[in-house]
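Before anything else, here is the set of structures, which you'll find just below.
Each of the next two complexes has chain A plus one other chain: chain B in the first, chain C in the second.
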Partner chain A sequence: MSESEYVTLESSDGFQFVIHREVAMLSGTVKNMLSSPGHFTESTEGVIQFRDIKAIILEKVCQYWYYKARHLNSVTEIPHFEIEPEYALETLMAADFLDT
Partner chain B sequence: MASLQGKRTVRGKIRPPPRKGASEVDYDIHWTTLQNAITTIHEQKAHMLSYEEIYRCGYNLVIHKWGERLYNGVKELIEQYLESEAETKVVPVLGIADTSPAEGVQVLKVMQKLWRHHVTCLLMMSDILVHMDRNYVIANRLPKTYDMGLFLFRDTVIRSPKYPIQSHLQMVLLNQITLERKGDVIDRGAVKSCTEMLLEMNENNGNDPIYIADFENLFIETSREFYRVESDDLVRRFDPPEYMRKVENRLEEEQLRCSHYLTEKTEPKIRLIVEQEMIAKHLQTVMEMENWGLKQLLINSRLGDLDRMYRLFSRVPNGARTLQGGLSEYIRECGKSINANVQASAIDTVEKGVPLGVALALRWVQEVLDLKERFDAFLAKAFAKDKSFETAINSAFESFINLNPKAPEFMSLFIDNKLKKDFKGKSDDEIDTILNKTTTLFRFLSDKDIFERYYKQHLSSRLLHGKSLSDEVERGMISKLKIECGYQFTSKLEGMFTDMRLSTDTMSSFREFLENAVDTPPVELNVTVLTSTFWPVPSTPVSCNLPTQFLAASKVFERFYTSRHNGRKLTWHATMGNVDLRATFNSRKHELNVSTMAAIVLLIFNDIPDGETIPYTTIEQETGLPAEQLKRTLQSVACGKFKILIKEPRSRDIEETDVFKFNSAFSEKLSRIKIQTIASKVETSSELKETHEKVEDARKHMAEAAIVRVMKNRKTLDHNNLVTEVIAQLQGRFNPAPSMIKKRIEALIDREYLERAPGDRAIYNYLA
Partner chain C sequence: MSRRNRGAAGTTFVNNVRGPTSALTSFLNERGIRRANPAPAPPVATPPENQDDNEDNDDDEPASPPNHTASSSSSSTPAPATSSRPTRTARLTRGRNLPARSTGVSQSNEADGVDDGSDSSDSDEDDDSDSDNKNLIPIAISASTTRAVRTTRSRVAVVVASSSSSNAVASSSTAKAKAAASKKRPRKKDASDDSDDEDFHDITGHITRSNFSHKGRMPQGSNKIVFCSRCRARFTIKAGTTPAVDEDDGGLLCPTCAGTESPGPSKNALPKAKPVKRARRKAQKAEIECQIPSLQDLCIQKIANSIEDVEAFGDISDLSLDKICKIISRNRSLNADTLQLFLDSRHNELTLYDCTDITAVGLQNIAQFCPNLRSLKLKLCGRITNEVMDYYIEHLTKLTSLMLIGPILILEHTYITLFETIGERFEKFELKGSSRFSLKAIKALCDSCPNITHLRLGDCNLMDDEWLEPIAGLTKLKSLRIRNPEPDKLTTPAVVKLIQVVGSGLEELELKGCNGLTDEVLVDAIRPCCVRVERLNLSGCEELTTDGVEALFKEWSVNPGLAYVNLENCVMLKDEALMAVTEHSGDRLEELNLSGMDELTKDALRTLTRCVNLIELDASWVRAMDDDTMEQLVDAAPRLAKVTVWGDHRLTECCSSRKGLRVVGREGDYVDLRFL
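This part shows the complex of A and B:
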């Protein structure tokens, strides 16, 4: 199976986010999911369903991964990453779940 | 973890996430999912699972404080699985190992398969339960899922309390190794994978792999037994070279075994076993074996085997020393037989009244040199130029060389002979090698002062009789001695050379002086002026009645010399010189070069008519020579190659009743004939005694000088320290006995150089 450059993330409310595989792997949980020797369904199908994360949160998370990827080895000053206070707690929980 | 950058303080509500009830029902749902997932993994169907789902279950259980139940649940599940696997897959094949050692490898293969599968499953489980590992497990200091799984494998499969898996596994592994040691081909891969498995699991302390307790200890024990039996057997069946080859092979095999399918950590341990059992325990046996033991190897110069012996013996403590002991013993034995040969022929010749031949001395030195050369070759080619071996070999040489009381004399004679004859036509390099070798032997001498005495004697005869082949080589030898023993040792020898040079100068100015002188001496005269302290000349010259012409000539020189060097006293040692005579025989004239003593004897025959005889006693009276010298001189002119005198009755030895007459019928091809006095030879016993007395005397002086030097420096010193220091100073020349030093100290006290400290008799004070 040739590995696609992208993976599809699906939120609990049915939204799909297609993002770079490499970026998604910034999450420890996603990384395990895709690279475990068990070859779980996620890794064979390239689709990950998050049954506990809503689209609005998952979008935030994706934004954060891209933000992190861009600034990972940056030497210049890093801009702030905005999180709306009303979603802060849920985002935090998702981050813990995703090991990000 | 989330590293949300620069969270600004924003006013507004933070909505709490919808709380989920943590109820018993939820646990059951999640756990059932997980349980099924783990079973699926064990069935190798993981690809059918959704990671997200299982992970979420584990995650939720942990954040809802069910970590402990989850952890134990997983543990129980794995344990059950392993137990059933062990029962269904491993136990059935154990019987194979009991019946056939060779087929035992089946057990290893089954174990291996189970282990591989288990590890893969564990990796997957770890991935799923990563949240539990990071939170619950760390907080409670438990082994992580993977490690827990390894422990479970160890305790339920390898060390199963129900089934004899452990003992069978060990038995199979050891059997396989034994089979290989006996020459069979085994499945190394299977053994290797099993040892790797044992290496991967740790004891509870987390440091030592169970490999050590479950395999290595046993392996070492059985190997010890194996090699104990084998070495006993091999040593009996094979000769040492073959045995050593086998030992070497074994060592190599074990090393390869460790690197191929055990572990490098076992290597030093098993090597130690082989070394102890096969080498250390058989050191003496192998070395002293009748057939092809050390002695035979040395005799036959089996370099390869000696080298092997060296390498093997050096591996074990005491091995090198034992080998060195054997070597020393052999060298001493050889030395003893060389000495004995010489002594046997010495006794032989002394009984016949003939002085010991130079040949004997030469043979002795040559034999020692040959022996040394052989051992130098051994050292370089078989013993890796090992310093401790060099020392052992050298001290063995030292001990036997010094057992021969004539060693210093023999060595000096050897050099004498080389410098006089043997070096003719040899290249500088050849000469240098021979001299170097001789110098190494000289290094072994403990009585270097005796050697010096002889060397001085031989050197003086070479110089005075012009017998030395090359001045350069002489000087070369002396500089070698100087390197060995320092300036003091050779200063007198060098002084002898200076005297020779100065004499040449003196003679040329003497000839100038004669051109203007009124009274020229009746004969041509050549004088060598020697400094008495440098040369081994007797303090009083040998008495003789010089013919008047000789006396007149010497007077002229005396006058010349004292005019130049006022205050110097000349003592004439006429007997040490030689004379050119022109003799008229019936057929022709010959020029004879003879010693002064022979000239004196021959000149007597000038005064009597041809054909008349002179009895020995008359000659003795006329010449005034001591009997011993006279006899030797007569022997050289009457019994040698050229018979200038005819002795009645004819025989080899001179008796006091003999009579002599001039041999006018003498004829020879050459017009110039050199008649040698009997050459320098090994001393007679009386000479020997004399030399020894002189040496003793010189030693007394050296010891006293050393004592005074030390005391002058220290002012006060106790007896023991004084003796040690004096011995240290003198060791380069000879080995002084402490008792001798004690006597010298007492002599010095008598002469008031030293005094005993008042109050403590063991302490001496220096009296300026």
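This part shows the complex of A and C:
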């Protein structure tokens, strides 16, 4: 089965985020999930469920991935990535889990 | 026009070859005008050459490109420059003219040509023809070869012509180096325009010219330009490398042809440069990547920057809070300020994983903000002082469990006060890395706190046999961990005596690093007394023998079986020991550590299939572990979740695995150490 250009990330409250595969690969955890040698659902169907990450956090994480992908090779000054303080703790936990 | 250049140069060097301009040379010679003659001033010497050009153009090259005139006019411009140096007259002018004509428009080439000329002119001034002859003849090649080469060159001439300017630069750069070695390098400047010449030779049939010029430009000490015997393409042999040789005719092969056949040494030399470049690029990329902070860093920074904001969010579960504390501790961001996040009067338990940056005042705040703590665990708490501990003793009135790792400042009397105050409430005490904890303190503990169920003492320098006597008085002890005493401070008889007293109640026994203990502990103490033990850690007890372990497990019928066995670095144990363990505890075993048991063979490892409930296995450095054994184990133990196999070189990436099973340390795997 050919790999789709997109992967779907599903949050604990049921929201789905369809993002570019290569962007999702910026997360070590997601990368491992998508490229593990076994035939796991994650790697074959490109759908990953995060049972303990809420949508609002997952959205933030996805935003960060795109932010990182965009500025990865830029030589100009990189704008600051804003995190709302009220989500900082949960985002931290999600980021720790996702190795981001 | 360039052909005429060559003619001007060629006739002077090679007497027996008469090119179109050699007639002119002889004419000039007859008139007594010698190029090597220093007497004529540059303005005098140049006009005849320029006249040459025009004549030749008319005769031989009616179809000469229009830029010839431009170049010839440009060639006259350098003349005034050289006139300031009257000694290098004719030669200099010629040298300057040559590249100018051949490359036509390139200013840099022209400059290079001038350099070459000036470099070489000193040696050539006196009698050009003689000395040039001598030098050229030895390197002359046969006419047939030349012809073959020439046809090839004519084919590639167009391509090479475009790169001729770079050639010129390259050759001129080597000119100075070669000047010391051989005098005759003036031809080198011919090399730069040679590619242009070849076309003319083909058309006009003046083969000998190419012969001459090719030889003259053959660099001696550095890169050589040769022609591939197969594809006839021109290629460069780098100095110090050997090109591939064609097996059929013994000719030299260019890297491309050599690559299709057999990799020659020169071919090996080429690709080496690439990985370095790539690695450097990778490093640069990594540097750039580092400029983007990770999301974790951003969050931690955010939290650390705005503690007062974050403090308002207390809805996070204790588990999450503990997680955050772990993350923050790992990032070394736990300090007196961030500590506030974790302090709340509703907490019953508090674990701080890294107190290094927390000041004494900060630590004191713990008791102030969390008066209801029942369990307090402080790791790396080197800054905790006696005053803070006294404050704890006074304010933490519900404390039943205390763990201190590295409390280097706390003195004996504080411990004694602590134990006396907490008294019967005290259930769990863990202490690691204290050199002040003494016999008196342990006596106070055992006298004042009879309800201690968990006692864990590790890395206490003062620990010796005498400590064990008071510990024997703790009749409610369920978990006893004695870790890493000073060598030879704990002896076998004392340990045997202790276990015989408290052993019947123990559920967990750890004697890690008590490397002086012998088999008597197993046979005389553990076997008869420890009927309830489920977790047994004997790691680092190097004196234990196979017979002892076998005797313990084979006749340990009073114990229904262990859930956790750690025999790490019991280096003397052989197959029989493991077989006895699996036979005794087999289906109850959930965690097993065999790390470093190098003597084990496949026979013993095969018995691991008895451990059907195994969840975690550490088989690092058990060299006999292989794919086959692993497969059997994975099939037999459906709950297996983690296998550590560092240094098991017989395990390949083909070894069987399944979802939910983590194999850590397999060779060739990429392992992120943070997930271990």
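Keep this in mind: the second predicted complex is superposed on the first by the 100 of 100 C-alpha atoms of A that agree within 3 Å, B and C clash if a C-alpha of one lies under 4 Å from a C-alpha of the other, contacts with A are read in each partner's own complex, and residues count from 1 in each chain.
The working rule: a residue touches a chain if its C-beta (ideal position, glycine included) is under 8 Å from a C-beta of that chain, and two chains touch if they have at least 3 such contacts.
Remember, predicted model here, so these are calculated numbers, not experimental data.
Colleague: Could you look at A:Asp99 and tell me whether it touches chain B, chain C, both or neither (first, second, both, neither)?
Modeller: Touch status of A:Asp99: both partners.
Colleague: Tell me which partner A:Leu89 touches in the superposition: chain B (first), chain C (second), both or neither.
Modeller: Touch partners of A:Leu89: chain B and chain C.
Colleague: In the overlay, work out which of chain B or chain C sits against more residues of chain A.
Modeller: The partner making contact with more of chain A's residues is B.
Colleague: According to the stated criteria, A:Ile48 is in contact with first (chain B), second (chain C), both, or neither; which is it?
Modeller: It touches chain B, and chain C stays clear.
Colleague: Which partner does A:Met33 reach: the first (chain B), the second (chain C), both, or neither?
Modeller: first
Colleague: Check the residue A:Asn73 against both partner chains and state whether it touches chain B (first), chain C (second), both, or neither.
Modeller: second
Colleague: Looking at the overlay, what does A:Tyr64 touch: chain B (first), chain C (second), both, or neither?
Modeller: both
Colleague: So which positions on chain A get touched by both chain B and chain C?
Modeller: Residues 28, 37-38, 40, 64, 68, 78, 81, 83, 85-86, 88-93, 95-96, 99-100, which sit in both footprints.
Colleague: In the complex, go through chain C and note every residue touching chain A.
Modeller: Contact set of chain C toward chain A: 285, 288-289, 291-296, 298-300, 302-303, 306, 309-310, 313, 316, 320, 323-324, 327, 653, 657-659, 672, 674-675.
Colleague: Report the residues of chain A in contact with chain B in the complex, numbered from low to high.
Modeller: On the chain A side, the touching residues are 28-29, 32-33, 36-44, 48-52, 64, 68, 78-81, 83-93, 95-97, 99-100.
Colleague: What residues on chain A touch chain C, complex-wise?
Modeller: For this pair, the touching residues of chain A are 28, 37-38, 40, 61, 64, 67-68, 71-73, 75, 78, 81, 83, 85-86, 88-93, 95-96, 98-100.
Colleague: Using the touch definition up top, name the residues of chain B that touch chain A in the complex.
Modeller: Residues of chain B touching chain A: 1-8, 10-17, 41, 46-53, 55-56, 59, 120, 123-124, 127-128, 130-131.
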